[in-house]
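For clarity, chains are labelled A, B, C and D in written order, and residue numbers in each chain start from 1.
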Amino acid sequence: MQIEKHKVDELNHQLSAKHTHQFEHIAADVNNVEGVLTKLGAFNVAIPSWALGTGGTRFGRFSGGGEPRSLEEKIEDVGVIHALNKSSSSISLHIPWDIPENATAMNVLAAQHGLHFDAVNSNTFQDQKDQKLSYKFGSLHHTDKAVRKQAIEHNIEVIKYGVQLNSKALSVWLSDGSNFPGQLNFRKAFQNTLESLQEIYEALPDDWKVWVEYKPYEPNFYSTTIGDWGQSYLLASKLGPKASTLVDLGHHLQGTNIEQIVSILLMENKLAGFHFNDSKYGDDDLTVGSINPYQLFLIFNELVEGMDARGMNHATDLGWMIDASHNVKDPVEDLLQSVQAIKIAYAQALIVDKAALVAAQNNNDVTLAQEILQQAYRTDVRPLVAEASLRNGGSLDPVSAYRRLSVREQLISERGLKTVATGL
Amino acid sequence: MQIEKHKVDELNHQLSAKHTHQFEHIAADVNNVEGVLTKLGAFNVAIPSWALGTGGTRFGRFSGGGEPRSLEEKIEDVGVIHALNKSSSSISLHIPWDIPENATAMNVLAAQHGLHFDAVNSNTFQDQKDQKLSYKFGSLHHTDKAVRKQAIEHNIEVIKYGVQLNSKALSVWLSDGSNFPGQLNFRKAFQNTLESLQEIYEALPDDWKVWVEYKPYEPNFYSTTIGDWGQSYLLASKLGPKASTLVDLGHHLQGTNIEQIVSILLMENKLAGFHFNDSKYGDDDLTVGSINPYQLFLIFNELVEGMDARGMNHATDLGWMIDASHNVKDPVEDLLQSVQAIKIAYAQALIVDKAALVAAQNNNDVTLAQEILQQAYRTDVRPLVAEASLRNGGSLDPVSAYRRLSVREQLISERGLKTVATGL
Amino acid sequence: MQIEKHKVDELNHQLSAKHTHQFEHIAADVNNVEGVLTKLGAFNVAIPSWALGTGGTRFGRFSGGGEPRSLEEKIEDVGVIHALNKSSSSISLHIPWDIPENATAMNVLAAQHGLHFDAVNSNTFQDQKDQKLSYKFGSLHHTDKAVRKQAIEHNIEVIKYGVQLNSKALSVWLSDGSNFPGQLNFRKAFQNTLESLQEIYEALPDDWKVWVEYKPYEPNFYSTTIGDWGQSYLLASKLGPKASTLVDLGHHLQGTNIEQIVSILLMENKLAGFHFNDSKYGDDDLTVGSINPYQLFLIFNELVEGMDARGMNHATDLGWMIDASHNVKDPVEDLLQSVQAIKIAYAQALIVDKAALVAAQNNNDVTLAQEILQQAYRTDVRPLVAEASLRNGGSLDPVSAYRRLSVREQLISERGLKTVATGL
Amino acid sequence: MQIEKHKVDELNHQLSAKHTHQFEHIAADVNNVEGVLTKLGAFNVAIPSWALGTGGTRFGRFSGGGEPRSLEEKIEDVGVIHALNKSSSSISLHIPWDIPENATAMNVLAAQHGLHFDAVNSNTFQDQKDQKLSYKFGSLHHTDKAVRKQAIEHNIEVIKYGVQLNSKALSVWLSDGSNFPGQLNFRKAFQNTLESLQEIYEALPDDWKVWVEYKPYEPNFYSTTIGDWGQSYLLASKLGPKASTLVDLGHHLQGTNIEQIVSILLMENKLAGFHFNDSKYGDDDLTVGSINPYQLFLIFNELVEGMDARGMNHATDLGWMIDASHNVKDPVEDLLQSVQAIKIAYAQALIVDKAALVAAQNNNDVTLAQEILQQAYRTDVRPLVAEASLRNGGSLDPVSAYRRLSVREQLISERGLKTVATGL
């Protein structure tokens, strides 16, 4: 299915008077509102192919209806999201869950929805049917060179798929680690990982990047071989300029100051981008902005400040992706809520009075620095986000539009009530 | 399969001289060594039926070979464990994963292995095929009375199975909770849970107990309706004397002083027993004693002190069970290691110089109190554990015996290399 | 010093046009805006006497200037706060830091500032000069009956001071606990605490309450004798109807769902009230709303829902207090920011569409439930808070007014640059 | 005071028969027992000058008696410790708490006790009387160049003191950080810190090192400018070969796998050494080995493996220090317990069957790897530690000897009951 633009326009029309009133109200208070709208309008967050179906936990999965049964249907779903929010213009594939048998056809289909392909993701945390060697004890860090070789080749194959799709980055998340003290030699595991990544790095096309994710625990519960930003940074430094560190918001110990890590990585020119989600405990993979929206704003505050300091293009110089699991919500609604939350945080960060903040920081005027940040955070920027969407042809209120257009009902009628998408 | 006693004896015989030497060495230093051995000999830890297969995470499962394909084979596996350690004389079933179609036959089979059935466990955290209503949004706490009713009836059915197996307790773990703020009304969820449990309580036979587990998070990541010991205690108090609180070691926020909770629950006569495991982060379900063995000792120190203060029988007045997931180890080996770790901690707690500790506590002699505890903890009590096993006809070194007897190889040859047991 | 109302009015006048515009904008969107304003106007948060000076850590304290040198000057400072925000009409004393030598004079002085005295706080976590017995190893839980007796008598003395000040509650926070395994017998410590509290309870006047605080750690780092809400609840239940549980937001392990605890305690009619602050790690005692304002909103959402369900008066039926430490901010500014953050969270909670939320919850419409909560949270309610303040004669923007009126400069000129207030 | 060797010998004599029996028992089971004893005998842990008095928290301090009133008396106290355990041959000074007015005299005095001076520590986390500029908002990271300059000069002064004492390393712990979002620009704070450290680095004598500590929080509760090992490593890398990372065991978020960090830093040749202590929550500064002794063993297991892999000298190639706060124990007893715990963990690590472990790791035999580690950990190695002490002329049981020799009583009679040592 594909959402017809006139239907979105109709819904917008019904909200138009109210929106205009709200927008004008805030526009009067915001400096350079057109600049803010331009940046918001240019901002896109990739949708991962594995997040279009209902997720689960080790205790079970409660599937919803109308889940995409193929890569084509996943592209359709992202098309729906993008038609509504005009901020999800790309899809990030996960191999082997979504092998594009016919890359040309996929490129055409994506283009029909206004989409392109973002970073491709390898998977060595599961065994696939007919796989020769098992990843039970890891992949790129494995003690057995043959297993490492198999995992390296898988990554190189993923790059090849990516090249066909005009993707420009390989995103590597390894679950390699250990469950028990003594299981691993940490040093050798690190060195094996480095050597494996070096082989993959060698296979990268000139204009490609490799993004190295880190995570402290799960699915291994004693150690993870790329366990924190420092270890990822160390690998990325040794690999070279095409390698950098990907930050997944849920991949931190409780209490970690993520925004500080973001600032440091930006300073070192080693920040690849983000996997957005939210969490209260571990890698809970909840809707972005559903648990601690202020933290999300603080991260964007560092991003805007740090990217501007380097003269980076907000829209294109980092990788923006969602990585969440939707256990109790309609996945499309969850993704729509997530993108809205990201754009709200971004808008709030854009309207921070930077000059005043710098002055307050230089004076160690802590009270004032907080007032400045919270002045931006407490502002209701939703009309700015809505206006940016409207100007791009999107919906003023994507979640509500999705419901009013009965999209899920149509998907169920097309695909059936009992479908299970590939993914977690 | 069944382990022949003479083979265990043979292996013991080879270790006999060394064991005797070690045992005599420590026996000379321990007060009332016979009393300690008697208690160790009487101590048993139930094996859960779901822990005999390889576990997994939401990211995948890497199965091993020779996993039990039926309840009969699970009983066999527990028989193997018990034949080796003589401390695993019971099995705790999980319904509907292990419905005993023929209870009489199961009782006979269990008895042949020297086993009986411990607490039965209900399962309302997954949907079963052909189940009428879904537990996607919870069971006993559900907003819909019909779902609650279905879950209540399931629990009552579990009791019925248990009665046929001469079990005496229903163990209830609910995953009921919420993933997002706003999803639940906490108060109504609690009250629904209480009402549901009251109906189940009414169905308990006179000599039965109901054990109410708590857990802060997973599989729900914002709230769990029975989230901590306080909430479980509140329910158990309102239910009545047959209800008490079950402590799973992994079901706590990081930093929780579990031993203090144990002491308080014992004081209030509301401690049901334990699900033993170990963890570094969350409910990691690792081998008992593999991450923080000192904490395990401290828990047993409270148990021995608190049970003695109430004149309780260590062996029979609480429920002792393992609840772990074996993702990278042979499940039987993991269970054997777990039971050994528990017995070591128990032995250490038994040899604490209680009179000296009480005196040090009364004098606030903190240095000395620590010395007294660590004197027991640092003692190598393995010969005591081995001797207790020997006297009961078990192995001096169960893990090693299991390997030397090539048990897994036999199980694989009997059951095949690609089997997957029911469970997580 | 005392802030003259006409100066506040003048500053308000300068902001008047802008405020009116903002207020009218939001008032048009809020149901029953007058009801909301009435509730906001009636809402007051007590200021603790110990929070008017610069706080410190175990590593040092960096004092500011013009700190109050006496109880009289502390009352003045609270007077300043209340004159600005009209929401801090009471002061909570800490004995022995602030013994009111002349209660009548203090009552008169407080009344001159429009203030009264809230709960009185005892202190048995420090030794005072010339104190007979030490609290090094605890107070109400102490192994030595003589120490317990001394601590009980201190608490009764605090009640006596409170009676003279027309206070109606004793707030008890005990640091009693242990630093090392073995130091304490948890059960006996709990029982000693209970017995001690019972004696204090007996001394309460008929119309008084006793509020029992809990805290997991600090200043003891292995156990705290009243370590969590469950233990406080247990004590409060055994004590009787005058006893209830006080929630300090910083007194929880990381990841604790505080709003759920609030809901449960309200349900059981055992919630005493709050010590507000914010934190990222432990009991950081930061400005309310500075780290996780969404959590604060969620707590108020439970409060409004739960108090309304019991027909409670928001303004008077719970104890509202700040408990923070101001290490790098002017304490008065920190307190003004804190009260604003509380009122914002309260206002957001008041405008939640309750009927819609209940419906979404009953339908398990998780997406919609989140939309409803965030609709309220994302609304810029500051004009509502400002209007409520204005109607009570307070400032539209208290922090800014405090600065523009050069209050700190006046305090320094009156009191000197090197003053250190009693407190932490 | 100074402990006379013959008194230690006498006490040893009383324990001699029992010790010999225990030692011979274990010696028979340990490979290369003489090699183990040699390493244990050569191993020393520095005592920090600030840890000889009773510590405190922000809530108060409960001093003990006989605390050292001067640097001379602190040296005496370390002399006592070293006389008893023969493993504390050095003292680590903290400037300005312990300025050696007469370095020659101090060197002589130290030598009389068999001691020398270890790393010197700077202090820019407190303001000293008559200090020109305040460190309220940090030191080496400060926005004001003048404050940074003052802090740099202080560090250079500390080096100068150290040179006079034949110290060879400067240990830098910065509390620099922020309490609130917005207070700091993280990048500029990092860069200021780097520049400041570069100036200090330039002032290092050729044979000196600078050790850069990290800590996630406290006394700042939102960010710390050197917050984790990654940030410390980044600084140390940019500074050069004389700079490396110091690991304080308490300076990690909960759940951090410290042993993995140790392994990585060793691999990168950037591990400076340790500040030993134990903790359950944050930087609790409890007695080493009192909370999680298995973790301590696992750290030593990595140290032995990693140092051997690099051909490092265990005794001299890393800095070994205690950093703890003794709030409820006699500081000397706490330190004696700490050093014993360290030596026990080291002994356990030394007797790990390395070849078997490597084989198990290469086979991914997780069960066996755990058995091998726990075989060493469960061994009662205390007789090895005692024997090593005995051979060096120390006590078989230092804590007990300290008590039997009534050392504290003598210190009190010499120094008085109410003395307060400088330090935290």
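Quick note on the criterion: a residue touches a chain if its C-beta (ideal position, glycine included) is under 8 Å from a C-beta of that chain, and two chains touch if they have at least 3 such contacts.
Quick caveat: nothing in here was measured; it's all calculated off a predicted structure.
Copy of A-B's interface among A-C, A-D or C-D, judged by over half the contact pairs being the same?
Looking at which residue pairs coincide with A-B, the repeat is C-D.
Which pair, B-C or C-D, has more C-beta contacts?
If we tally the C-beta pairs in contact for B-C and C-D, the bigger total goes to B-C.
Quick one: report the Å distance separating subunit C from subunit D, using the average Cα coordinate of each chain.
Distance between chain centres: 40 Å.
Averaging over Cα atoms per chain, report the distance between subunit B and subunit C in Å.
42
Could you pull out the residues of subunit C that touch at least 2 other chains?
Touching at least two other chains: 136-137, 178-181, 183, 216-217, 222, 254-255, 257, 280-281, 287, 290-291, 294, 328-329, 364, 366, 370.
State the interface residues of subunit C toward subunit D in the complex, per the touch definition above.
These residues of subunit C touch subunit D: 55-60, 62, 125-127, 134-137, 175, 178-181, 183, 216-219, 221-222, 254, 279-282, 284, 286-287, 290-291, 325, 327-329, 424.
Sort out for me which residues of subunit B touch subunit C in the complex.
Where subunit B meets subunit C, its residues are 136-137, 143, 178-187, 190-191, 216-217, 222-223, 227-231, 233-234, 253-257, 259-260, 263-264, 266-268, 294, 298, 301-302, 305-306, 309, 357-358, 360-362, 364, 366, 369-370, 372-373.
Would you mind writing out the residues of subunit C in touch with subunit A in their complex?
Result: residues 25, 254-255, 257, 280-281, 287, 289-295, 328-330, 333-334, 337, 344, 364, 366-367, 370-371, 374, 377-380, 382, 399 of subunit C touch subunit A.
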